Every structure is written in C-alpha cells, then in structure tokens.
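Here chain A shows up in two complexes: once beside chain B, once beside chain C.
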Partner chain A sequence: MSDRTAGIRAIAGKWLQEGTVEAVLGWEQGTYRDKTAPVLVRKAEEVDRLVFNERCTNNLMTYLKRDPVRSLSTVGIVAKGCDIKALIGLIQESQVPREKVKILAVTCPGVRNADGKRPVKCAACDVNTPVFYDEIVGEKIASNPDRAARFRDVEALEAMTPEERHRFWREQFDKCIRCYACRQACPLCICSRCIAEKNQPQWIETSAHPRGNFAWNLIRAYHLAGRCIECEACETACPADIPLMLLNRYMAKVVEQSFGYEAGRDPQAQPPLRTFKLDDDNSFIL
Partner chain B sequence: MPYLKMDSADLPKVARKLAASGARLVLPVREGDERFYREGADPDSLDLTTIPKNSIKEFLFPKTERILRYQYRGKDVTVEDVAPTAAGRTVIFGARPCDAASLPVVEPLWNWDYKDEFFNARRAATVIVTYACRTAPDEACFCVSVGLGPSSDQGSDVLLFPLDETVVAVRFVTAAGRELESAFAEFGKGEVAEEALEAFRKTGEASLAHRKKFDRVQGWLEAHFEDRLWEEKAFRCIGCGTCTFLCPTCHCFDIQDESCFDAGYRLKNWDACQFSLFTLHTSGHNPRDTQPKRYRQRIYHKYAIYPQKFGKILCTGCGRCVAHCPVNLSLYDVVATAQERAERGD
Partner chain C sequence: MTTEAGGSKAPAAWEPKIVAFICNWCTYTGADLAGTSRMKYPPNVRVIKIPCTGRFDPLFMLKAFERGADGVLVSGCHPGDCHYTAGNYNARRKFTVWRKLLDFAGIDLDRVRFSWISAAEGGKWVETVRNFTEAIRAKGPFREYGEMIDVR
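The block that comes next holds the complex of A and B.
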C-alpha cells in the first residue's frame, strides 16, 4: 500500500469517526484492467476501500451536482490538484458552499490514461502539490510545468485554413453518437436541465447528423469558455474518441489572451464571462 | 462439411473483391489505439486484432434516420413516407461473434407489434462475415455467460476461424453466405476438417476471464426489484449513454421532428434509458427519477423483461459496457452478483 493510500485512509477514517463529514468520496480499485472507480464511503470501517494510484483519473467533483452527494450536508472528497480546480470553479459560481466540502488533497506525480500515456494536463501541471485544501497527504512534489504543452495541438489547428479546420471538425463530429458522456463526466457542466434537453421547443437538434453534432459540440465548448479547468474528463469519457480538449483549450487560449484569466485558480476571482467591466476589450464588435 | 483453408493475409483481398462487387463494405479499422467498424474504409486497412469500440448496430439501425416528411400548406399538412434508406447490399466483414449474434436477438423486437421496415430492409440486404475469436480479445468479454461463445455462429453468414497467426478456416453458414463463396474460392489452399475446429472452440472458451453462467439471474431479478444492490452499485453511474450506444442489442429510440419553416422530417434517433429525460412525463413526474433506478432498468430489460417477452437475453456478452464505462460500473459485476446471490439463496 502506498503512503498516499495509507494517508487518505487515515484522514478519511478520522473524519468519518469524528463526524466531520457524512461520507468520503474517493477512488477504489476497479474491476476492469487497472481502472479505478469512484466510491462513496459512509462508514469509518470501510475506508480500506479507498486507494490512490496513477489510474485515479476520474474528476470526482462531477458528483457534487448529483445525488447522493448533492444531498449530503458535508462530504470529504479525495482530490488531486487538477480536480480541486473544478471545485474552485464551483465555489466561484456559488454552486457548492465551501463549507460543505472537506478537501482531502493528495500530491500527485501525474496520472496515466488507459493507453498508458500521460495526459497533456500532467505535462502542464503546476499543482502536483495542491494549494487549496483542508488536509493534504503525500510527499510534496515540486512542479516543473511545460505550460506550452497546453496549446501545442491548438497551434496546429490555428495553422489550418478555415476550410481545413471545418473539414477536420466535420470528420471529428461525424463520430459523435450523442451519448453526452462529455457533459456527464464534466464537473463544470452544472445545468440541471441542459440546453440539449430543452425540448419545448427543441433548442439543439438531438439528431447525430452533422448539423446536430456541430450544434451540440460547439455549444458545449462555448458554455465552458473561461470555465473549463482542463481536467480532460470529457475527452477521457468520450466513447467516440473525439479530441474535445482541442476545442476546450482553444477557448482557454482565447480567454487568456482577451482577459488574462485562467480558470480554476483563485476562489475569490471573478470569472470574465460572468462579469462586465467598462474597459473590457470590445474591439471585436466594431 | 470440410472448411475452406486460406491465408489470413488474403482476407483484405477477399474484402476488396466484395467491395468491387458493388456492396457497401463495413470493416474494422484502426483509429488511434482503438478499432472501429467503418463504412467504405480501404480493405487494406482491415484490422482484426481486437474487438472494435463501436458495435455493428449503426449499420442496421443508424444513430439518426429520417422516417417521414411533412409539409404544411395553410391549415393542411401532407405527410409522405420516406423509403427505407437504400444503403444497398452491405457486407460487414470481420464482425465479432458477439456482434453477429446481436441480430437474431433483436430481430423479434423489430418485428413484434410493428414491423420496422427500416431495420428489416437493412437486415435483408446485409451479409455478415464473422471473425471468430481464437482467444478472448478483451478481458471484458463474457459471451459464454449468456450462452454464446467465441466460435458462436449465431447471426453469421460466413464464419472465419483464425487457426493461428497465418491460417484461417472458412465456413459458409447460410445461403446468403454461400453466395460469397466465389470471392473466397480463388484464395483457397485446401480444406480443414471439422474436428480441428473443436480444439479452436475449447481454447476460445477457456480464454475468457469472465465465465460465470447467468442461468439464475432472471429468477433473482424477478424477486429483487427493491434491493440494496441497485443503490450500492449504481451510485457512481453518471447517466451518460456510453453503455447503451456501444451495446449491439440496446435498441431504444426517440422520435424527433425537425422542420425548416413549414416543412420538415420526422426522425428516429438513438435514445438511452440512462438519460433523465427518457421517462420524464409531460406532467413533470418521472417514474425513474434517480440514476440507480435507471441503471436497474437497463439490467432488468436485458435479463428479465426481454427474456420474458422474447425468450432471449438482450445481451451478447461483448463487454463494451464493461470496458468503456467512464466510471467502471461493470454490468458483468452487477449481473454476476445477482447470479451469486441466487446461488446462495440471498
């Protein structure tokens, strides 16, 4: 058992014993290959189910928006630095009261996807040792972020002509089967009724034809502009292997250039797309 | 009956001949680290190394399909049928046995109270050339649990047995399959006796990591609609449609009207019992108002309701819902738990 796993179990056990939280949300060993699976531990006797390893890829913050976690009054959540960015977004947007969540942060050397590769977010990570938490476990890890890694694929996209880009996305979106795994896995897709589910009248065509798929994938990306914290949960979940992070990172780049803002950093900050300032750049209008 | 023997290296050439005969060719190809069944791919890109991520369902029951056209003129509306899309003769080359077996499972559904001419037209025009599994292509596979197997011929017109890395035995199963015999004939390198296939079948079945027989699941489910199992297992379900949309047997659809001004089409789109809107009533009431209830529905439909109605389990053990669930909620684990509890009388 790793030190991190032991540390998580000790703190989760203490919180449950003392009644600090009603339950602890974390990862347990999964049943398929080396996957892990989200688990909600309600009793101190069950903390031995919790594990931490480099396959702990799911961003558990997505459970804050749905039952049974939503209806708990207090919950402990085991979280990596990247996961905590999502919680910061949720706190900024008044979706989750800070006092409801006890953050059991874990230092993270990076995770691996099912294919064994390190995600881009890990190459660019500057929160291997989280900075926003209630308790932390694991040896401190100094970050050595390759910040340019975030936008490397975006630059290839920008180098394309508009026609090439359209063809690229047409091919990618043709693969979309409208399962909404991207939305469901996303910790920041928070609408209790998504625009794709507004059917009186139907706002977004639910058909998986090119028009419907463009509408869905673009509106999903737009709704995350300046909000996406680049956890890659959508892309990891996508059963059609659509490079959703390319869109999300393109949005992040535009927001950074326009407003000097990066999502998921400071719970006190005002996200640019929900504030108005007289000196905002409005050159795009004229 | 002896089987035709050929080199596996010649399989793309057979696929090319079939495409040249004018058939719409569907075959598994590599994309990134995964395999997908794709229409119109180059036969040389045929990749049979593992089970594709999508199923063959979309070539018989597309993810979206027009079923009628309407036109308003003042207060009148005219409605025209859309002919079942003429996808034309289709050969699915290199389907896995669990995909082929999905066809006889869902055919009764599409021909029950209404004969779905769209599915039936495609089914009648489709020939399935199946690539049997020498060993289980993935640890998620559990075809043996539902009474099938890595050599099952259910739904197949032609069955290919990869005896080793280089040699394939070919069996023409149905009359539609025998019509393809000429495309294979020129690559024949002799015959393989039927007995040789017995060892192939045994090796295949023994290679599965999941082999518990699901023979007591239906009875257990019928008595455990209210059970702690559902909340315990399905709390983590995030309510996406990955399991249902990758499933070769899930067949639920939604009807949508899409119009531009005064004319439009009615469409039949894939739908999923895991979506919150699936059973939402106009009144606002939802009989399946929580995710565990929706997850339970999926298991019941497959292992109790469908068997009651059509005498078949609505699952071929392909394992896609096990392998690709974003939160590792394994259908095999849930159903195996039901079977185990039935066995110990719990």
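The block that comes next holds the complex of A and C.
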C-alpha cells in the first residue's frame, strides 16, 4: 500500500468518524488490475476501499452534479490538482458551495490512460502539488510543466486551410454516435436539462446525422469556452475516439488570447463569458 | 436549387438567402427607418427580431444554416447604446469566441457578419445588407453546409 493510499484512508476515516462529512468520494480498485472505479464511502469502516495510484485518471468532480452526492449536506472528495480545477469552476459558478466540500488533495506524479500512456494534461501539469485544498497527503512534487504541449495539436490544425479543417471535422464528427458520454463525464457540463434534450423546439437534431453531430459537438465546445479545465474526461470517455480536446484546447487558447483568462485558477474570479470589458476586441464587427 | 411549388415552373435562379438576427431597439428600428424612408435594398435578407444581441445564441446561426441560409448577419446597438445597458458587450465576447470556433471547424467566416447599426442608421442598414448580399452572391450557395443537409 502506497503512502498516498494510507494517507487518504487515514484522513477519510477521521472525517467520517468525526462526522465532518457525510461521505467521501474517491477511487477504489476496479475489476481489472489496471482500472480504478469511483466509490462513495459512507462509513468509517469502509475507508479501506479507497486507493490512489496512477490509474486514478477519472475526474471525480463530475459526481458532484449527480443526485446521490448532491443530496448530501457535506462530502469529502479525494482529488488531484487537475480535478480541483474543476471544483474551482463549480464554486465560481455557484454550483457547489465551498463549505459543502472538503477537499482531500493528493499530490500526483501523473496518471495513465487505458493505453498506458501519460495524457497531455500530465505533460502540461503545474499542479502536481495541489494549491487549493482542506487537507493534503503525499510528498510534495515540484512541477515541470511543458505548457506548449497543450496547444501543439491545435496549432497543427490551425495551420490547415478552412476546407481541410472542415473535412477533418466532418470525418471526426461522422463517427459520433450521440451517446453524450462526453457530457456525462464532464465535470463542468452542469445543466440538469441539456440543450441537446430540448425538443420544443429541437435545436439539435438527436439522430447521429452529420447535421446534428456538427451542431452538438460545436455547441458542446462553445458551452465550455472559458470553463473547460482540460481534464480530458470527455475525450477519455468518447467511444468513437473523437479528438474533443482539440476543440476544448482551441477554445482555451482563444479565451487566453482574447480575455487573458485561464479556467480553474481562482475561485473568486469572474468567468470570462459572464463579464466584459469596454475595450474588448471590436475589430470584426462592422 | 429549389423549385416553385407545383413543380411545373422552371427552376428559379439561385438567389442568396440571408438571415439577419437583429435587435429590437437599434438595428430593427434602423431597418424600419430605411423602409419608411423608402430606401431600396435587396430582398434577400430575412429579418428575425431578437430583443437584444445578448439574446443571440449560436444555435440560431446553426439552425439558419441547417435550413439553407447562405449567410447570417447579427446586428444590434452600438457599444454604449444597449437598451439593457450591457447586452451587446456581453454578446461581443460570445461573438468573439463563437466566430473563432466556426473558423476552427472550417466554416467560411465570410458567411457570417456582425455589425452595430443604430436606430438612426437606416443608410448603414441598407449598405450592410447590400454589401453582404453581393458578397454572398459572389461566393455562391453554402455548399459545405448544404452537403451536410443532403447527406442521408
């Protein structure tokens, strides 16, 4: 058992014993050796189910929007630095009161995807040692972020002509089966009734047809502009391997360049599309 | 393109179809002024009144393209003139992001135009519609989106 796992169990057990939290959300060993699964621990005796290892890839913040967790008065949540960015977004948008959540931060040397590779977010990570938490476990890890890694693929696409890009996305979106796994996995897709489910009027066609697929994938990315914290949960969840992070990272790049804002940093900051400046770019408007 | 109902007539020559989402307080009134002043402009524009540019949702634009629009114009009050104080300032940020996203998805940005036209600028409305119609006429029908409509 690693030090981090032991540390998580000790603090989670203490919180549950003292009644600081009603339950603790964390990872447990999955059915397969190289997989972990989310678990909601309600009793102090059960904290031994909690684990932490490099397969703890999932961002658990997405469960904060689900009813079993939403109905709790207080919840402890085991989180890596990147996961905490999502929580910061939720606090900013008044989706989760800060007092409701106790953050059990864990320092993280990086996680692995199903294929064993390190995701881009780990290469670009600057929060190996989280900065926003209630308790922290694990040895401190200095970050050595390759910030350019975030936009490398985006820039390759930007270099194409619009026609090439259109062809690229048509091919990608043609694979979409409209399962909405991207939405379900996303910690910041918070609407209890999604625009994709509205049928009076139906803005986005529900069948897996190029027209609806195009609208859905663009609107999903647009609704996350200035909000996406690049946890890659959508892309990991996508059964059709659509490079959704290309869209999300491009939006992040636009927001950084246009409004000088990066998501998931400051719980007090105003999200960029909820505010404005008098001297915002006006050059494209006649 | 489309034929007249009945199918007996010869196919009509293609005409640009432009959808304009314009704000109730400035651009709509400006367009009204153009009308009451008897100014002439191309009938290719279909006006849809929205309360404020802040009400504009990118889905409006996608839906217009899905239904066969060749160009979409969004227009409202000049910065500082919003009837709701800041609707157009908020909209401007949304336009910035949405426009970039369209470009990234390979949608020709010449198909999309944004403008600020006040209630007194009937002339600017006429000019904007005329220029946009001619630009779209030169480009021809919006094939990239047209393909998506027709694929079954």
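Rule of thumb we're sticking to: the second predicted complex is superposed on the first by the 284 of 286 C-alpha atoms of A that agree within 3 Å, B and C clash if a C-alpha of one lies under 4 Å from a C-alpha of the other, contacts with A are read in each partner's own complex, and residues count from 1 in each chain.
Everything that follows uses one rule, which is that a contact is a pair of C-beta atoms (placed from the backbone, for glycine too) under 8 Å apart; a residue touches a chain by one contact, two chains touch by 3 or more.
This one's a predicted model, so the numbers in the text were calculated from it and none came from an experiment.
> Using the superposition on chain A described above, determine whether A:R165 touches chain B (first), chain C (second), both, or neither.
A:R165 sits against chain C, while chain B stays out of touch.
> Pick one for A:P239: touches chain B only (first), chain C only (second), both, or neither.
After superposition on chain A, A:P239 lies in contact with chain B alone.
> One more residue to check, A:Q184. First (chain B), second (chain C), both or neither?
first
> Applying the document's definition of touch, where does A:I285 land relative to chain B and chain C: first, second, both, or neither?
After superposition on chain A, A:I285 lies in contact with chain C alone.
> Between chain B and chain C, whom does A:H209 touch in the aligned arrangement: first, second, both, or neither?
In the superposition, A:H209 contacts both chain B and chain C.
> Applying the document's definition of touch, where does A:L157 land relative to chain B and chain C: first, second, both, or neither?
After superposition on chain A, A:L157 lies in contact with chain C alone.
> Quick one: is A:T36 in contact with chain B, with chain C, with both, or with neither? Answer first, second, both or neither.
first
> Just checking: does A:A123 make contact with chain B only, chain C only, both, or neither of them? Give me first, second, both or neither.
neither
> Please report the chain A residues shared by its interface with chain B and its interface with chain C.
Correct list for chain A: 209.
> Show which residues of chain A lie in contact with chain B when the two form their complex.
30-33, 35-40, 58, 62-63, 66-68, 115, 177-181, 183-185, 197, 199, 202, 205-209, 212, 233, 236-237, 239-241
> Show which residues of chain B lie in contact with chain A when the two form their complex.
It is residues 31-34, 53-54, 63-64, 139-140, 231, 235-236, 238-242, 244-246, 254, 256, 258, 267, 269-270, 272, 275-277, 290-291, 322-324, 326-330, 332-333 of chain B that touch chain A.
> Across the complex, what residues on chain C touch chain A?
Its residues touching chain A are 58-59, 62-63, 66, 79, 86, 89-90, 92-109, 113-116, 128, 144, 147-149, 151-152.
> Which of the residues in chain A end up touching chain C in this complex?
That would be residues 157-158, 162-170, 195, 203-204, 209-211, 214-215, 218-219, 221-222, 225-226, 247, 250-251, 254-255, 258-259, 272-278, 280-282, 284-286 of chain A.
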